[in-house]
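Common to both upcoming complexes is chain A, partnered first by chain B, then by chain C.
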Partner chain A sequence: MASLRPLSRGPFLLLLIFFVFSLSLLRPIQGNGGSDGGGGGEEFSEELLLKPLPDRKVLAHFHFRSAAPPSAANGRHHHLFPKAIAQLVQKFQIRELELSFTQGRWNYERWGGSDPISTRNAKPPGVELWALFDLPTEEIDPTWKNLTHALSGLFCASINFLESPTAYSSPYWGFLSNNGNLRYGALPREAVCTENLTPWLKILPCRDKAGIASLLYRPSIYKGYYHSQRLRLLSSESKGIILEQTLTVVLQPNSYTSSLLSSSDAQLQPSWSLSQLFKKEMTGKCVLAKSSKIFLELERGLLEKIVEIRDDSWSNSFFDLFPSPDREIKELENSNGQVGSSLYEYKVDNSNENKPLDVGITWKLPLVWSSVHAPFQASRFLMGSGNERGSIAISLQSTQTHDQYFGDLNDCTVPVIVLQVVPWYVKVYYHTLQISIDGKPQTLSDVIEKIQVTPSEDKLLPGTLEIMLRFPCSMLSATLSLDFDKGFLHIDEYPPDANQGFDIPSALVTFPNIYSSRSYPDYDVSDDSSLLHNLQEKYLVRSYTEVLLVPLTTPDFSMPYNVITFTCTVLALYFGSLLNVLRRRIGEEERLLAKKDSARPGLVPLLFSRLSSKLKGRKLLLKVVFVALVAVVWHYFLNSS
Partner chain B sequence: MAIDRRRPKPSRRSHFVIRETLLLLFLLLICAPSPSSSSSSSSSSMHNNNWAVLVCTSRFWFNYRHMANTLSLYRTVKRLGIPDERIILMLADDMACNARNTYPAQVFNNENHQLNLYGDNVEVDYRGYEVTVENFLRVLTGRHDSAVPRSKRLLSDEGSHILLYMTGHGGDEFLKFQDSEELQSHDLADVVKQMKEKNRFKELLIMVDTCQAATLFSQLNSPGVLAIGSSMKGENSYSHHLDSDIGVSVVDRFTFYTLTFFEKLNMYSNASLNSLFASYNPTLLMSTAYYRTDLYERPLNEDRSCSSYEWLKVLQDRLADEKSDTIVMYGLGTMILLLTVSTWLST
Partner chain C sequence: MAEIRPYWALAAAAALGFRVLLLILFPGDLHLGSRPEVATPLTSLRRLSEGYWLKQSSMSPYAGSMYHGSPLLLPILGPLTAERTDGQPAHFYCSLLFVVVDFVTAMLIRATGQKLLLSRRQSLEYLNLPKLVKNSANINAGDLASLIYLWNPLTIVTCLGLCSSPIDNLMVVLTIYAACSRLAPLAAFGYVLATHLSLYPAILILPVILLLGYGPDAPPAKLFLHKSSNSDGKDPSNNDESRSAVTTHKPVRCFSRRPVVHFMIWVSIWSCYVLFLCSIYLKGLGGLQEMFKKTYGFILTVGDLSPNIGVLWYFFAEVFEFFRNFFLIVFHVNILFMILPLAIRLKHRPCFLAFVYTAISAMLKSYPSVGDSALYLGLLGLFANELADMQFSFFLFFGYIGVSLLSPVMHNLWIWRGTGNANFYFATGLVYSCLQTVLIVESVSTMLKHDRMLRKHVIA
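For the complex of A and B:
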């Protein structure tokens, strides 16, 4: 009995310990579904904003946000935040980074220039990368090089071409105010395709299998007029790492009903829906997302045209939004009493496979409206012809929106910052800068408030121009022009398709006093929508100009072979004739023969001399023959007698 | 008389027995190498991973078919089990999102447009201007700058089987890269030799689909290399058909017929390289597919265990591509064997 008791107690104790242990293990697993505590407070949210554009197109803006809280330890477990990005931030000591892949040009006239979406998501074509580092100045350049290589491997793009100092610049105040730790580079000719989107989506917790990212039908995206995928990183000691990924697409919905009304100036806008644009419907949110919402925005210009506004303004005589939105979020009216834009919210949580969510708009009556513009429309072009020199001109056209931005037109001036980075083979002469306002040339000191030039060095540095100008508000147009000379490249430096030309990356025009932000009084922090939070952030209005294509002189790349052949022929001809002239004597043989002919003897003495010469030469033979004859004669005579 | 003949029989019988056992031993020796070859061919390493390096060297829209060739191989190789991490894909131009492509983000290798080669999940390691002879040689030899990320490196070891596929425009002993530089047969041979010295592969299969592809292999002399070219010296490799929708030819003949062969396979099939060679028809290809097996040590019927059925298959495969006198030799050998056996049995 005594022996049995410990035996019975032992297994029971073991069982109890095992049970308690398993409970403690299971608890964190149950808690991981939400955002409370599992993995250290990481969160993920996804949002989609749809907006009809005035020129019969649709803007779709996908917004994904991941946040990782600060952690003291070097290595940590991530359960939502992508480890590759966290390692990138830690290895290269990045404070802020933005990488964008864009194809197409953002049409500022038609799609808007001063609303938060266009100012943040209108990017220059190709790849643009800028980064702020938390490192001493001398370490930044090698870190930038390693960063470009790491990003090129991560995103399947040739970002590694930004590694050399000829490709990037460090603007002082033209881009962002910084203390020397900013590096900015752009590759205008980089192609953007599915291979860039694939790793970008693999960073998301649900990838493209569930949630809003499952809508991304690749042919639809790449058929659009503009698509731009952007990755933005913010890292700080207090807030941890915040990763924002956005994809902005401008699509043309195919609608056959648009040809019904044939009046030329007011055609019916095409009706569209998610299933029509992306060939898919929302069948549920990403379970790892804290919030998953779709917003449909009707901008201020559109709402102003709608005279009748009933209670449910999403259904009126002009259009119908379907399905009925869960909530309407109105922007605060501006100081002029004009009505603000509206956001209609749809929660994706309620949808599943049996009840998919298909957001759309049906147009009933034609409507024409215009988007909000920046005060000036920036564009850039080349002047001049030939392969030796040319000029770059940046023009700013007023968009007649003075009442929106400026109060009293008489006394006000608007500051404008222009940043332009030009590669070294376009040698800009900064002393030829000319500014003219409304066609009249101005003295530079009147207009320029601040200017910083980093001149280009051949094969070493690009030329950077940062200039702050002050224009009168009532001006209609202004033009800046700069002359340049075209440089020569070494034959190895030409790309394989050199005859296409060379690109000058987009210039950036910023309006330092004008912010694009909205305020939504209905929104409070508990809504927890990072997109709305972004829309309310103060962000400077900026616009990018076009990329310029400069034709440079290109050599005939087949010439080396031709040159060798021609050169060798010429040398052969030269040396051949030279040696001929030096060594050959013409007419020498004839002179010799002529000398011999003049002294010619008679026939008999000739024969005699020939014979005697023969005989002289053959004494031995003569002797032998003579002796033989004597012997024969003696023998004959002896025998005969 | 019969008794007289029978007297020396015991010695003759033992003689026959000896001869028969010798023949049996000889047969066993034929079978014996195959199991041992499954463990090692040139070194004592085991095959433990597969890599693929797929290179398209042509740029410009009218070379769409080269991109389609490479992407078809990429899709096939992924389908048959090699993951993206072990594929190095080098595309010299962007066709899918090219402004001239009426089907954006889609690349087809057939005018029926049934299969979108680009799909949703493609990862290109070297793009555009990065596809140069220098980068190609760096990938193969592994001599990179320290900043180059892992996804752009060929991290193979002595147990790797590597497929190297190159397509583009080529000629006598060279292959053109992006219309501005050439890779010569000497360079390729040198690189393969370096790879062998550094034990970067166990077996290497090089497939080249260009004009006069066979000349690119003329300088190879490293063991463990198998080379397949789409045409011989003096012959061109032709495209298969034109797609009037896209406006250019969409696939080359050699790749088309290679894909036809591979489409019948899945991850678990056990096809042999001989069947691949046998599937090439010179009339359809409009060129002679050339393969170089002299540097390859294993028999081309992959490794098999030595059952009698397999031995017959060995014989069958050997007979399939060897000349008639060797057939006669084999026939005579078996005849002699049968004769000895029958005489022994009849005594």
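For the complex of A and C:
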């Protein structure tokens, strides 16, 4: 009997194992969120924020967030979180990383400069990459090089150009305060296109097959005025790895209705909807996403106008939002009693193939408003002409919005941090730094609070200037200028289109005391919308300046042989003639000449006699024959082999 | 040739006055400091003030590949180049200092010339060539050379052009003067500083040793031997007189070791002292190793390819990376290679040898400027008597004028207007090198001819 027992237990155990196994197999498929505790708590959420801009354009901000809580299996097995990214974080010990691909320039004046969307998502043109490492200082640079290669493989971009030490820098406090473990690099000329988007979408669990990402219709997003695709990684012991992928596009809607109406009134905003912008409607969420929402944001400036007529905020005499939102989330009014912006939430869960969701806005009356500006608008330009020297000027123009940021104007000052990285062939003279406020030159020590210069080394290091300035709040404009000499490069160091010029990456202007954040009193933590969470986070207001194009003189690329031969000829001339002068002994030559004059035969007989005298020895003849023989044999040998 | 001496003081004062006048009339408007012909990456005062600024903000002055000069110049010139707020134009005092430096250089050239003249007169008298002495007695080479140096437009441009070459030139001239006067400590001081400032004067060690050992220039030693044997044999009646002459001249032609040994000891003392000062100044900022790498290393590897009056910048901008080291060696060995043949052939004329070395290094150095040409053209004046029948002098004179007029034009066409290209400017550099070659070769051959002529006179 005892021997029969295990036999009867066997099928039951097998069944149990099969059941558990099938459950674990099913888990990733049914794992919509971490509610069932499956998938190791990995989460994914997708959100889209739409916002009409004052200049008749539309901002669409896609936000995807994946999180992998700390677990032993990180980097080996994942349910939702992209394994490649987890391995990247593990291998290179990344604490924070941000990679952005941008095309076009964010228009700070029209699209806003101090709201959370613009401070986070306005990026310099081209590629920008920065990373904070959790490594000892001496290992950071090699790790950075490996990281750039890994990323360039992952995203099909030439991020590996950031590997060379001339391309990246390590700012101390101008970008983020850190203790030497930050590396920052930018490639202003990198062209961004769909080959960078495809690998970026591959990281998403549903790719662009379902959910919000399915809206990414390539022709319409690359037709936009601004396109910035961003990837941000945060990793910590307690929270695990958080991956945020955002895509920000500024589009120009052109619908039939708006074009008809705008002919009668140019000021009327164009009406738009998802199907018009992206040629697609929402037909259900990505099933793996925990939450899937679309927000439509109306700015403070816009709402202020509507509040005056005490109308319903989403369906009024100016415009209609359609369909009507599931919820309205209002921003907390600020201390002056001004209205805040509003978010209108649409849940994608309710939509399906039969009942698609097509969020949009229809304008009925023209409305003019302006977006929220940063206290100063930064721009940068080159001065001087010619290819020998010039100067870089960074100018800050006040946007006349002091009352929003500072209370008393009389003795208030505003700190501004400028980070400027210049490649080594732009040789900046840091002692020529000049700062003028409202056109009046200032003594540097009065304005500069902190300065950190890392001068460039030829072919080794870019120059980095980090400077913290303190300006009076009532200032209208300020200008920083630095003189530089243009370098002359070796013929191989020029890019293929040398005459186009060289790009200086954008400077970054940060306002360390001014934060962009919104507070939503109705916001519910249980909502767990990561986009809302981000909007509420405190974030420094920063703005990037333009990329500068510096033309450098070129040598003649077709000349290397000529130059080498000419120079060597001159040298040979010098060497030969000087040695000749030193060697000559005029007296002896004269004596020799005198001797020869007495009995001088003609040139031909002389040559003949010399030749015959040499041939008489027979040795030479033998030598000549021998050499000829060797040559023939050699030739034969070479040909046969 | 008219008598220069009475007018010398007047002409020199006029030259200095002219400089000060230019300085006052165009305060900073001449922009000579940014001309590639005047200021090189090694000597530019703009770079020096960047180095000074870096030092003031407690960074190594060599950080940033800007400054490549000596650390000793920083505390001297640095404060003078810093921006002034009390109304005086920036660099005004610095330029005034360079005017003084130019004056001192001219005085030293003049003193050297007088020493040379004395030695020449003595030796010619000993060789019994009164005709030659009389011919040349009126040309005071020292006065002429110092006036050439002071009134040379290249010197004036260098002086006002905000570069440190006047100081380099002063040190070279000081070395030659002190060696002529057999002042071993001073010669060692000049030699060490000149080498420290611009490396190339290191090759002057041979002429300096010859000067200290044999004394200033004289006709070849063979002639004296010939003369003394002749006078011993042929002229018994005149025996006493010639013997006394021999005894007076004997130390001139004998190699005396004492000053040379002194010189060597002083060189080591001064170089230790200079290195000590440098290491104090650079304490905690990279030290001497960085200094050598950024000064001598920068000179030897031709790291900066910005255009200058020479030919090497374009050569190294165009040459294939693979051959770069080979050609670096070739160009530097070219300078060294000629040292020995010249020293063997011209050992009786160490001062002239020093001039030839200076001219060769001015032509072949990695960052040449017109300041170097100003120096050797000034020294050329010292040998006005010997080189009186030099060939091609007309061609050379107008060649120099042509190049110095064309070079700024070509540079402007290429850099500022963009209508020319680099080859235009490089061509003037090539022509300039050719001119210098012709000058060097012709002066050497004329000097050798002169010696031959003396020999003929003595034998005849």
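Just a few scattered comments:
Operating definition for what follows: the second predicted complex is superposed on the first by the 502 of 641 C-alpha atoms of A that agree within 3 Å, B and C clash if a C-alpha of one lies under 4 Å from a C-alpha of the other, contacts with A are read in each partner's own complex, and residues count from 1 in each chain.
Note that a contact is a pair of C-beta atoms (placed from the backbone, for glycine too) under 8 Å apart; a residue touches a chain by one contact, two chains touch by 3 or more.
Note that the coordinates shown come from a computational prediction; the quantities given were computed from them, not determined experimentally.
In the superposed pair of complexes, A:E195 makes contact with chain B only, with no contact to chain C. By the touch criterion stated above, A:G487 is placed in contact with chain C alone, chain B being left untouched.
In the superposed pair of complexes, A:F566 makes contact with chain C only, with no contact to chain B.
Using the contact criterion defined above for the overlaid structures, shared-chain residue A:H431 touches chain C, although it does not reach chain B. A simple residue count on chain A separates chain B from chain C, and the partner touching more is C.
By the touch criterion defined above, A:H149 lies against chain B but remains apart from chain C after alignment on the C-alpha atoms of chain A.
Shared interface residues of chain A (contacting chain B in one complex, chain C in the other): none. Within the complex, the chain B residues that touch chain A are 59-60, 94, 96-98, 103-106, 118-125, 127-130, 145, 147-152, 178-180. The touching residues of chain C, counted against chain A in their complex, run 34, 46, 49-50, 52-54, 57, 59, 63-66, 303-307, 311-321, 330-331, 334, 337-338, 341-342, 345, 363-364, 414-416, 418, 421-423, 426, 430, 433-434, 437, 440-441, 444-445, 448-449, 452. For chain A in complex with chain C, the touching residues are 385-389, 424, 427, 429-431, 451, 453, 455-458, 463, 485, 487-492, 553-556, 559-560, 563-564, 566-567, 570-571, 573-575, 577-579, 581-582, 586-587.
Residues 103, 145-146, 149-150, 152-154, 156-158, 160-161, 163, 190-195, 198-199, 208, 218-219, 221-223, 494-497, 557 of chain A are the ones touching chain B in the complex.
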